[in-house]
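Chain IDs A, B, C and D follow the sequence of writing; residue 1 opens each chain.
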Amino acid sequence: MTHTYQHRVRFRECDPMGIVYHVHYLDWFEVARTEALRELGVSYKSIEAAGTILPVTGLHAKYHLPARYDDEVLVETTCHLSQSGVRIRFEYEVKRKVDNALLVEGSVSLCFFDRGRSRPTPAPQRVIDVLRGESQSP
Amino acid sequence: MTHTYQHRVRFRECDPMGIVYHVHYLDWFEVARTEALRELGVSYKSIEAAGTILPVTGLHAKYHLPARYDDEVLVETTCHLSQSGVRIRFEYEVKRKVDNALLVEGSVSLCFFDRGRSRPTPAPQRVIDVLRGESQSP
Amino acid sequence: MTHTYQHRVRFRECDPMGIVYHVHYLDWFEVARTEALRELGVSYKSIEAAGTILPVTGLHAKYHLPARYDDEVLVETTCHLSQSGVRIRFEYEVKRKVDNALLVEGSVSLCFFDRGRSRPTPAPQRVIDVLRGESQSP
Amino acid sequence: MTHTYQHRVRFRECDPMGIVYHVHYLDWFEVARTEALRELGVSYKSIEAAGTILPVTGLHAKYHLPARYDDEVLVETTCHLSQSGVRIRFEYEVKRKVDNALLVEGSVSLCFFDRGRSRPTPAPQRVIDVLRGESQSP
């Protein structure tokens, strides 16, 4: 399953080279994974309200071509849950909408973490079911 | 009392016009007021740990001249506590270090707020004493 | 004419108080004014491409109620051009979508500035016409 | 050669989990590499003024332990120039000052790029000399 988030590049995201400052792609990644989960019927907010947080454990990004001010870009996201259900990895491709050129590839890994017991924990069962495709989104 | 915070303009703070994006001055304001309070012996973190938070209630800024990449700037801060001790206002002048030119003026107002009782509250007594000059900083 | 920009609060925009950090409202203001102009047929990017930049000269904000993570908010924008056509002021109201509660009021002032001649300049005539309602948007 | 940049965690850098939002470490990386180069007598600003820009081509980060509000952290940076002198990679370790605990590891790769000719180019000779230790910093 691939989720696509569309974004228009903001002035504040561009640097003196006239291109998007490399760090801001990671902001888009956050929106993209939140919306990807929402589309599956999983609300990050409700996971957190139930006492499980999702700290980021790793990320990488590879920059091929720059996005520029006012460009429309597409952030394509796929999501991978680990065997144990404890870790989740989102993989991203950022494309320029006008010609589908690949601008940036990246990934962000997070860990389900029980706040009360201060340790990693499997994702809530419903989240596991949804992410493994064994359950329908509402 | 005036506190001076020195900052060197970062690449990520500059926009395609080659100048500091107007919003980032407000980030410097946060550092400047935190350090101004620390110099008086008041730790924002310890206020918060005691259950009082300090939401921002208002701000303004007037932009005279732009700061540019790698410029060294001075953020001069003064602090004003309201009669009741509930509100605190920080006033700022941002100057270019090399020639002391005034770049930006601004102010940020905050309110002491009791998190448990969900309502405004006077600052802790020790903070009031320090800010009114009736107590020595440690 | 009022333009409405809808936004969903991002995790990265929230601070340890669990509310939107006050500075991020100003990021929304930028998107809101860009989209308000675009709806009128005015592209900020094309203004800039023609050699006129729009530095921010002032801003203010008043915070009434906090927005929280995952809230949907509406940023309502109105736009006011000065007599001379040199200055433009955007006024904002941020409302919580679910109950229309007023969260934040603000304004941002900008100045049309001729990059080549390094001085303030009236807005391009077409922009003046559109903003004064004497021209139809395309 | 290792350069150390010291930073105190700002309120705006912390998220609702009470820890530094993962993206902000990359802001520190920018300051750290700029200051590392400056210490060697290399000003990024002067490289850029001479027509060479340094777009980021890749990055990664691995998060071990969170930094929290008001923590003092040390960002240790080492710098590696490619054989050809075209690419430069900075490697980072972020440590908590109080106990030297390793919080985050990361790297950022950049490419020297000739703006006029729109293509990769070796670093200016002086920069190569300095980074290879064949020249003294001023």
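Here is the rule we use: contacts are C-beta pairs under 8 Å (C-beta built on N, C-alpha and C of every residue); 3 or more make two chains touch, one makes a residue touch a chain.
Values in this document were obtained by computation on a predicted structure and should not be read as measured data.
Trainee: Just tell me the minimum hop count from subunit B to subunit D, counting one hop per pair of touching chains.
Mentor: 1
Trainee: With centres defined by CA atoms only, which chain is the most remote from subunit C?
Mentor: D
Trainee: Hey, which one of A-C, B-C or B-D is the same interface as A-D, over half the contact pairs lining up?
Mentor: That interface is repeated by B-C.
Trainee: Provide the C-alpha centroid distance between subunit B and subunit C, rounded to the nearest whole angstrom.
Mentor: 25
Trainee: Determine the centre-to-centre distance between subunit A and subunit C, using the mean Cα coordinates as centres, and give it in whole Å.
Mentor: 28
Trainee: For subunit A and subunit B, let me know how many angstrom lie between their CA-based centres, rounded off.
Mentor: The computed centroid separation for subunit A versus subunit B comes out at 34 Å.
Trainee: Hey, what residues on subunit C touch two or more of the other chains?
Mentor: Those would be 11-12, 16, 23, 27, 30, 69.
Trainee: Taking the touch rule as given, give the residues of subunit B at its contact with subunit D in the complex, in rising order.
Mentor: Those residues of subunit B that touch subunit D are 10-12, 27, 30-31, 34, 43-45, 69-70.
Trainee: Which positions of subunit A touch subunit D when the two form their complex?
Mentor: Touch residues, subunit A against subunit D: 16-17, 19, 22-23, 26-27, 30, 48, 53, 55-63, 66.
Trainee: Contact residues on subunit B for subunit A in the complex?
Mentor: Within the complex, subunit B touches subunit A at residues 11-12, 14-16, 18, 21, 23, 69.
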